[in-house]
Amino acid sequence: MTALLDIEHVSKRFGGLRAVNDVSFSVKEGEVLFIVGPNGAGKTTLFNLITGFLPPDQGVIRFAGKSLAGSAPHIAARLGIGRTFQIVKPLRNLTVLENVMLGAFLRTRSTTEAAAQARKVLAFLQMEAVSDLPAHGLPLATLKRLEIARSLATRPKLILLDEVVAGLPTAEAMALAELLLRLPEWGVSAVAGVEHVMQVVMRVAQRVVVLDRGTLIAEGIPADVVRRPEVIEAYLGAKYKQVTG
Amino acid sequence: MTRKRALIAAACFVLCLLVPLVVDQDYQLNVLFRITLFAGLGLAWNLVGGYAGQLSLGHAAFFGIGAYGLVLFNEKLGLPIWLAFVLGVVAAVGAALLIGRVAFRLRGPYFALSTIAFAEVLRISAKNLTSITGGDVGVQAPALFDTHPSQWFYVSAVLLTALAFTVTALIVRSRFGYWLQAIREDEDTAMACGIDAASTKLRVLAISAALTAIGGGLYASQFFFIVPDQVVGLEISNEIAIIAMLGGAGTLTGPLVGAVLLETATELFKSWFQEAHLLIYGVLIVLVVLFLPEGIVGTVARVWRRRKAGS
Amino acid sequence: MEVKLWQAVQAILNGILTGALYSLIGMGMALIFGVMRIVNFAHGAFMMLGMYATWMLFERLHVNPYFGFLAAAAMLFVLGYATYQGLLRRIADRSDFMQILLTLGISLILTNGVQLIFGADYHQINFGLLDINVRLNSHVSLNLPWLLAFGITLVLGVGMFLVVMKSRLGRALRAIAQNRYAASLMGIDVMRIQALSFGMGLAAVGVAGGLLLPVFYLYPGAGDQFTLKAFVIVVLGGMGSIGGAAIAGVVLGIIENLTSLYWGNEWALVVDFIVFLLVLSLRPSGLFGSQRV
């Protein structure tokens, strides 16, 4: 399998803070990769770098072989990189359907076609019931699904999910995880999630990359990585031991 | 908008066009001209301020360019009057692209402030370029219509408003309209969906500027004698924005309602209590911001939607 | 040749004197906009109120404006506090859009209300002191009223700076500016502090108005140009920086006076706006600011 996304020696500083420090890894087509690390590890910054919201200070980011070279966010989206935001950003004065249509409009000019596509995506995410409700005032779990739906409607090749189950109760989180496993049905060939809810990671991830304060400290299949002492010590702690023990 | 609503709108506009058959006093036609013109201007602003959510307080720049375009191209350069009119509109679009390129990179209040800055630069420059504008003394604007001017100006205003209305209605149902609203709600999200926010904002500003400039040209010719403070002033910018806000920014009929209300109120107060009409403006704005932030049409629509959902 | 140099010197000195008043107006706006993030389009209108108040004290009670300005400041402090508590706090969470419109509305009400009560006529005050000029040499002289204004502004400006930087109120205010939520969690009464700050910002403007009265014309629209200039000063000085606004005010005064000297009075305001647009485009954080636009 060829690499869909290549991160090569990428760094980003904010003043004195090294948010991302010489990070390198790849995401292959068809795989599900998760980036793990505590808050402040640089995960969201990395996503902002990949999707063009921030330019890297050093390093190269390649998508399908082509360098992104600090392209604007809308270019990254058009190339096929979809993204959800950690703090949900629904378009509050539009309905759920209209929110998702916005994503569909990347692939079609027609309003009816976009609506049809949007309904398909909403059906997949089991959200038909709320299609015509305004986006504000909905529960968090629904809004998280809306983030995914909107991004999915843009038919991305790669979808970057930023803390997509954070703040959700376990049952909701696991239900969402099951849906994530079915993303390949939509022609989404790779999923790079950023997660610190370990149940979801163990269930969904094929490979895991661990960040600590901006630096990549471990990489491999979840079962291996979680056993490594440096990783356990720094990140997983008591909560994980409770889950697997 | 459904076919039925489109037909109703078309019928209303046709009725408006027929008004001069009934009303023939110049004074009344001029009042109707003003009301209709500002309805069109409000609709034009609404595209940028209401749908795209970019609060421009410098639209007088485009209005003034349309006005002085007539003077410059026809009066001073001798071009045929309708060509001068078109050139004025083209100039306004050019200005919009220039202004937008700088202003749209700014967020929040800085955008609004920069639009004011641009309009003020234009106004003071107009005051100083006395050879073209006559400075504070003023200049005569050429006549667009030789016979029955009051009637024709009114009809032109109706046509402008119909044009602005149609353009808005078409945009709202289209992909472009969704892009605008996405940019209003959350520009980052819009970009993550592949929307080129910068280019979209420029495009809508260009459309808005063109419509506003048409209004400026009509106004100048109708008023006959114009000074910079009048056609490029903050008052015009504020009036347009307030009309759209009062009626309901981001709604299709809002600016129409706003214009009718505000301009009618102004006319009434001018005859009763001339000095106070700006004071009324101020009170109106404060009341709308505090109690009716979605404007009249917006609030009515929201209440109606809630009733429907409840039943 | 030498005369031209002295003309420039005179312009620069005048600019410093004018700039001091600008600094005061700018510091008031820096407090309100830079620190509290309230877009106050009524800034100039409030200053105009201060001018009218000082004028009334002079006309009716023969109070010298160089004492009367204190009353104007006190009045505007109270008015500012009341305006915040009564009107502005209701839209504290709403968009900048709404704040602009609200303060615009307030500005219209104040300006036209004053016009209804006092008429649109221009007024000017006069007493002996105003005609005195201090001669520095044969080419340069300084107008005494401006010098007095400069001195008073300097004292008050330093005072304001100290209050914001050193006092408990100032610390609370800066905490709110950095993170309103966190500040409220630490027991700071956010609404009350913001109301006090708004009052303070307007008091500064009231002082400026009172000091401006002897050397300017009084009419309902007198304050309008200062609103926009205040924004220019805050942007030039840097967001959130009171000291920056103080320096920017003087810089703007000098730029304006030099522009008047070489290109004529009419272009001064245009140059202000060009400076504004240049700063926003090229160096959005201003001369001393730390926040990004």
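Annotations for the structure displayed:
Order as written gives the chain letters A, B and C; numbering starts at 1 within each chain.
FYI, a contact is a pair of C-beta atoms (placed from the backbone, for glycine too) under 8 Å apart; a residue touches a chain by one contact, two chains touch by 3 or more.
Quick caveat: nothing in here was measured; it's all calculated off a predicted structure.
Separation of chain A from chain C in touch steps, taking the shortest path, is 2. Centrality annotation: B (chain centre taken as mean Cα position, compared with the mean over all protein Cα atoms).
Using the average of C-alpha coordinates as each chain's centre, A ends up farthest from chain C.
One simple way to say how far apart two chains are is to compare their mean CA positions; for chain A and chain C this gives 48 Å.
Averaging Cα coordinates per chain places chain A and chain B 43 Å apart. Centres computed as Cα averages put chain B at a distance of 32 Å from chain C.
Chain contact summary for the complex, chain A toward chain B: residues 51, 53, 72-74, 77-78, 82-83, 85, 89, 91-94, 98, 101-103, 105-106, 109-111, 114, 150-151, 154. Residues 33, 39, 87, 90-91, 94, 96-102, 104-113, 115-116, 228, 231, 235, 266-267, 269-270, 273-274, 276-277, 280-281, 284, 293 of chain C touch chain B in their complex.
Listing the residues of chain B that touch chain A in their complex gives 173-175, 178-179, 181-182, 184-186, 188-197, 250. Residues 53, 55, 57, 102, 105-110, 112-114, 116-118, 120-121, 124-125, 127-128, 238, 241-242, 245, 275-276, 278-279, 281-286, 288-290, 293 of chain B touch chain C in their complex.
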